[in-house]
Structures are given as structure tokens and as C-alpha cells.
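Pasting the structures in now, so scroll down.
You will see chain A twice below: alongside chain B first, and alongside chain C after that.
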Partner chain A sequence: MMEAEVREIDGITVIAPRGPLDVGAALDFRNLLTGPIAVQGNKVLIDLSAVSLVDSSGVGVLVTAHRQAVAAGAAFAIAGAVGPVGRVFEMTRTNKLLSIHASVDDGLASLRDA
Partner chain B sequence: MSISATFAIPSRVGAIEDARRWVTGHLQPGGASADALWEIELAMTEALANVIKHAYGGDGSQRIDLALLVEDDRVEIEIVDSGAPFNPASYVPPDLEVASDRGYGVHLIDELMDEVDRQPAGDRGTRLRLVKQGWRNRQ
Partner chain C sequence: MSGDNWRPILEPLCRDVPYAARLDSALETVCRLTRLGAAYLYVLDEAGTHFHLERSRASAAPRLSEAVEGGAETIEAGPAFELPVTPEDDAPRLVATPAGRLYSYPLEGVGLLQAGPVSRSAPAHARRALADAAFPLALLVRQARQEEALRTRLASLSARVDAGQRLAGSALDSGKYVALLLELALRATRTEAGFVAIVGEHGTLEIRSQSGLPAGFAESVDLDPERGLFDWSLGGGGALILRDVETASRLGVRSLLAVPLLAGDDPLGVFALVNFGDGGTFDENSLPLLDTFSDQIREMLHNDRLFRDFAGRFLATVQGLARSLDVRRPHTNGHHERIAANASALAVALGHDGGAVEALRIAGSIHDAGMAGGSDYQADVDHPSVGAGLVEQLPLHAWVAPAVASHHEWWDGWGFPLGLAGEEIPRGGRILAAAEFIDEMSSGDPVREPWGKDKLVAELGVRSGTQLEPEVAEAAIGLIGQDGLVLGGGQ
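Moving on, here comes the complex of A and B:
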């Protein structure tokens, strides 16, 4: 079972999963994102600071969530993808699609302007 | 320094964490670098996920055998299943110009490991060998 903290900061929903974001956590993570990204005007920031490992399933959930958010008219961004977690997005080149920020503050700033 | 160990997990995604802990438990005390540890953990995660999803088709009642061979500058992990064999001819590499929600597993394994080798195992199944060189912190 995936653990995650969800909080609201300045009208932005910040979702911070913990531990591995892998094939074993992908379904829980997908279900957690489904509601927030489906509402027009919502702003959702995924904070990966406490994530130890992201695999291709985790990347897949984030790519799908990004596209669903865009389709619904919600704003969607990722923060804290540094070190090995950030490398996975570079290796799959999904960093070209996803809006990825080094820190939560940077991610929040980008969504305030969205 | 040389370590040889074996482990087995059921073919369920929830058991992949156990396999990662098993490998880390052997490599971390041996001075594994953080980068190598992450690369090995991720490659193994992708390989085990492929076995569970594709070789066993999601059947969680099967078994996956792992073997670890650690030498001074080399880590070898062997993953053996008895499911449907991997067919290289049917593998289509991901188009990295177009972001996708699937299809990166084999690409990541190939990028992260120094050697990747797949051989038939017994009458049915696959023996996947992953090799990582230079896995320890430089002294």
C-alpha cells in the first residue's frame, strides 16, 4: 500500500507519495490522482521529495495524469525529482512532456502563474 | 570479496520490494555506491515486473528465482522464471521522441546495466542475467 501526504497550499493540491513509486504502488497512486486532476481549474503538484525510486510504471502514471489534467483543464506539475528519481525522467525523455521542478517552492510558483 | 546468494519471491508485484531489500542487504555493507545501488534496484524492479506481467501474465501463484554473485568490481543478478519466454523479435523499443505511459522497462534495463543476457531456462522460461561493473564507492 502506497503512503502519501495530501495538503493544500494557496489553493494548490500538493500530493507527496513516500517510498518507492513502482509497479507495486502504481495502482494506488493512479487512484489517488484521478479525482484532483479531473476538475477544470484545479492545480495539482506532485512532490517526489520523499520518493526513493520511480520505475517505468510510476513514470507511466505521471504521463497519463499529465495528459488527463491537460484534457480536463487542470494544471499539473512535478517537484522534487532530483538525483536518481530525476534521472528516470531524463532516461525516458518524459521530462520533455512533464512540467518538472527541482523544488516544491519552484513547483508552487509555476502553478500560481498557471 | 565474493558473495554468492540465492532468493525466491512469488510472482506478485508486492514482493519486488523484498527482492530489492535482499540485494541491498548484500551490497550496502560491501560499500556499494548510491548510484550503483539505485541502478541495480531499478533494473531489477523492471525485470521482475516484466516477468510478473508478461512471462506469467499476472498469475501471482508462480515463483521467481534470483541469484546474486558479487565480486570485487562486478555484480551479477540472475532472474529465472518458468513462464512465457521473452521474444526479442516482438520487442519494439520505445520512441523516445513521444512520451508514453508504457514500454520503457527493457529500455531502462539496457541503459542501467553493463551486460544484459537472456537465455532459455529449462523447457519453458527465461534466465535473465544482469551485470553491473564498478558498483563500489571508489576508495
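Moving on, here comes the complex of A and C:
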């Protein structure tokens, strides 16, 4: 079972999964994101600072969630993807498809302006 | 200090087990010695400002419910993944954490060990055990980290050296080279399985090399870029994700890291590492190694594609040269096209596979190109060897060059240039020899009328076992009877 913390900051839904975001966690993670990203005007920030490593399925959920959020009129961003986690986005060439910020504060700032 | 505790904590250093397993074993020992349910190992980051959770050992995580807008999310409480460094960390102390009250003990030069949960104060036996364990644990972590860094570095260097050494010897055999790199990558990253899929002619992905995959895995995975396991159509840049999580999960995949192999933005293939079941996920040390091997495979595939592209153009040039020889005389016009068609038809009639049939078609289309070197007697004798030499370095089917080199050898040993006999003559050469005889005789020349089918069939019978291999001559007779060969002289 995937672990995640969900909180609201200034009207922005901040979802912080923990541990590895791999095939074993991807379906739970996808289910967790489905609601928040489907509402027009919602702002969703994924905080990856407690994620130990992400694989291609975790990257896939984030890219798909980003596309679905844009289609629904919601704002979607990622924060805390540093070190090995950030490197995976570069290796899979998905970093340019996503709105990735170094820190949660940076991510919140970008979504406040969205 | 009890020296008895050093041995079980340091013992994992004597075993050839992964870095994480060494730390897990040591934390297990700490829990046993302290009689506490959980132990968390934090290591200092490079900047010296934070501790990062490196490994943990906990019997069960407490569950918490947190109110959120629109409902409540149930989460499992765990230790913090990151802690800021404070002056208080230099001494043992009790700390309140999401995982409960823990006893925090400094590990000199390494980080922190937190164990618990404890009530208002840590039990005396636990404090003593942690004091005993701190030094050997710090020693173990330092040693294990140094070994892991060295192992990663060594594996990366070894991969480059090994790959570089083998590149020279296997430039024409990219399949073997890719398989070798895959094996090295799995070993270095301690990953259970992996595969390299190549983009085919029609843009589809095909698994070129695989290792460690369960039986039937490769066959049951759909690699169609439009609907399959991976999505590679994300708007340029070569971005690659795993799309079909359900299928991956059904196949028992625990984690899968797939890296696009690109030449610029042009897709060459996918390099994927896979772990199943409880095999775990990739650790951060795997990523630089994955980078190294991806670079090697990408370079190999790129070079392979360039080489095959060049080879295709070079072969077309040699075929053009052969056609230019044909058009010099009316009776040889179309000779190479007819030999290509007839040699491949004979190969089909003799039951050879598609690769051999295509090899005979190519060999037939260039078999006399070596005649371009001259027009004297010696050039005539040498033209099979010269023609074979034009294509022997190209990545073609293994039959092509030997067939060209031996298409004037006779079954009874009276041919040229080597005077080979019987089975010494490559099968492609024996087939090409029959096609050559049929075309020359059916085309005629300025001093001889073209032979008709009856004459051809009769002469094939006569030359069976002398000039021609009997089985090939018999197949040719059968095909002529069915109008299955293209004859010269407008027949």
C-alpha cells in the first residue's frame, strides 16, 4: 500500500507520497490523483521530497496526471524532485513535459500565480 | 563496551551482499540488542546541512488519519525522510517523531541512529546497547558506503573498458554486443531482469535482447507505441513512460525503469531494467550505472544504424556496377537480374529459409561485379574472389560472399578459382552455379544460339554430378518444367 500525506495550503492541494513510486504503488497513486486533477480550477502540487525513487510507472502516472489536469482546466506541478528522483525525469526525457520545481515553496508560488 | 556486539554488527562486511542488505542486517542486530521495534539510520548529506533516511527497520508502522478537504486520507506514519542538522544531534537524546518517541544517538562522522519507540525515557538496557553499537555501526556504514562507491565506480569503468575492447571485435555483430551490455548492466545494478527493444523499420519496438525475464514475458508484452506497455508519443523530445501499469502489475513487475535510446530526438530503442516480486526497486546507485550502459547501447545502435545505412548504399553501388557490365552486350543484358531471380527461386525449391533465399537474391545480383577489374584471362579467373571481396565486410547474410566467391566451382572439382569439390563448395555457390549455367546457355552469344528448354533440361541432366550438384540440378529441371525460372534470350 502506498503511503501519502494530503494537505491544503492556500487553496492548493499538496499531495506528498512516501517511499518508492514504482509499479507496486502506481495504481494507488493514480487513484489518489484522479479526483483532485479532474476539477476545473483546482491547483495540485505533488511533493516528491519523501519519495526515495521513482520508476517509469511513477513517471507515467505523473505525466498522464499532468495531461489530464491541463485538459480539465486544473493546474498541476511537481516539487522536491531532486537527486535520484529528479535524475529519472531527465533520463526518461519527461522533465520537459512537466512543471517541476526544486522546493515546495517554489511549487506553491508557481501555482498561486496560475 | 561489549566486544560481543561488534561481531554481529560488522559481520555483514565479510559477506558479498548488497549495500542495503548490509545496513538492514546491522539494523536488525540493533533492534535485537536494544529489544526495540524500530531503528532508523540517517546519514549526513554532502552539504552537511541535513540527515537523509538511508535505511530503516520497523516491525509495523502506526497508522494515522489526517483530515483533508473533501474527506480524510489514511496514511501510514513513518520516520521523516530528511532532518535538518542541529547542535543537539551531537549528543544522545529523546526526540518526538511521526513514528513516535525515539532515542537518537549520534554516529560519529556518519549521521544518526534513532531507535524506539520508547516511553518517557529509553530503557537502560537500550541506552547501553546503543552506546555499544554506535561505534561499530558508524564503522560499518562508512566502510559499506566506501565499498559501494568504489563498486559503482569500478562497475562503470569496467563497463566502458570491457565494452570498448569488445567493440572492435564485434562491430558487425551488434546483437551480441547489446546482449553483452545488458548482462553487464544487470550485474552491475543488481537488477533481476532487463531487455533492449529496438525500433524496427515500421516504427514498432521489437525486443532485440533480454535477460532474466520469466518465460513468456516478452511474448505477452505489447510494445506497440500507440497502445502498448510504453507511451513514446508524448510530443517530441523522446520522452518515454510506462503507460500500461495494469499489465506490468499482472506480469508481477515490481519496478521497471525504461530509458529511451535516442540519436538526437530520433528514437533508436528502449533500455529497460525490471525487478519482480519482492526483489525491490532500484537504488540511487543504479542510476549512474544505467546512464553508463544506456550511453554504450545508444552508441552501438547508432553506429549500427549508420553502418547498415552505409552498407545498403554500398551494396546498391555494387549492384549498379554489375548492371553496367550487363548492358555492354545485348546477350548479357539483364543477366544479373535473372540470376538473382533464378537463384532465389532455386533456394526456395530446395527448402532453404527466407534469409538464405534473400542471400541468394543479393549474391545473384552482384555475382559478376568482380569482372569490372579487367578483361584479360586472369581477371576472368579472379572475378569470383574479387566480387566476394567487394561485399565480404558488409553486414549481409553469411551466404552472400561465399556464394559469389564459389559460383564457378564445379561439383567434381574442375571449376575455378580454387578447384573445390562437392560439399567443400558452399551451398550458395552450388545454387548460383546452376543459375549461371542456365542463364548463359539460354541467352546464347554471338557464336552460339540460345538453348531451348528441352536442350537445357537434357544438359542439366548430363552435368548433374560433374559441373552441378545433383540435388540442385534436379531442382532446376523441375522448375524449368513448371516455367518457374526466367530464361535468357527472350524465352
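Heads up, the rule we're going with is that the second predicted complex is superposed on the first by the 114 of 114 C-alpha atoms of A that agree within 3 Å, B and C clash if a C-alpha of one lies under 4 Å from a C-alpha of the other, contacts with A are read in each partner's own complex, and residues count from 1 in each chain.
We adopt the following convention: a residue touches a chain if its C-beta (ideal position, glycine included) is under 8 Å from a C-beta of that chain, and two chains touch if they have at least 3 such contacts.
Remember, predicted model here, so these are calculated numbers, not experimental data.
In the superposition on chain A, A:Ala50 makes contact with chain C only, while chain B stays out of contact range. When the two structures are aligned on the shared chain, A:Gln68 is found in touch with neither chain B nor chain C.
Judged by the touch definition given at the top, the superposed model places A:Gly35 against chain C, while chain B stays out of reach. Once chain A of one complex is fitted onto chain A of the other, the partner contacts of A:Arg18 are limited to chain C, with no touch recorded for chain B.
One of chain B and chain C touches more residues of chain A, and that partner is C. Shared-chain residue A:Glu8: touches chain C; no touch with chain B.
Put simply, chain A uses residues 20, 22-24, 53, 55-57, 59-61, 63-64, 84, 88, 91-94, 96-97 to touch chain B in one complex and chain C in the other. Residues 20, 22-24, 53, 55-57, 59-61, 63-64, 84, 88, 91-94, 96-98 of chain A touch chain B in their complex. On chain C, the positions that touch chain A within their shared complex are 61, 66, 68-70, 73, 75-76, 78, 81-82, 230-231, 234-235, 237-243, 245-246, 248-249, 253-260, 262, 272, 281-284, 287, 290-291, 294.
Across the interface of their complex, chain A is touched by residues 13-14, 16-17, 20, 34-35, 38-39, 41-42, 45-46, 49, 52-53, 94, 96-97, 99-105, 107-108, 111 of chain B.
Only residues 1, 3-8, 13, 18, 20, 22-24, 26-27, 30, 32, 35, 49-50, 52-53, 55-57, 59-61, 63-64, 83-84, 87-88, 91-94, 96-97 of chain A touch chain C when the two sit together in their complex.
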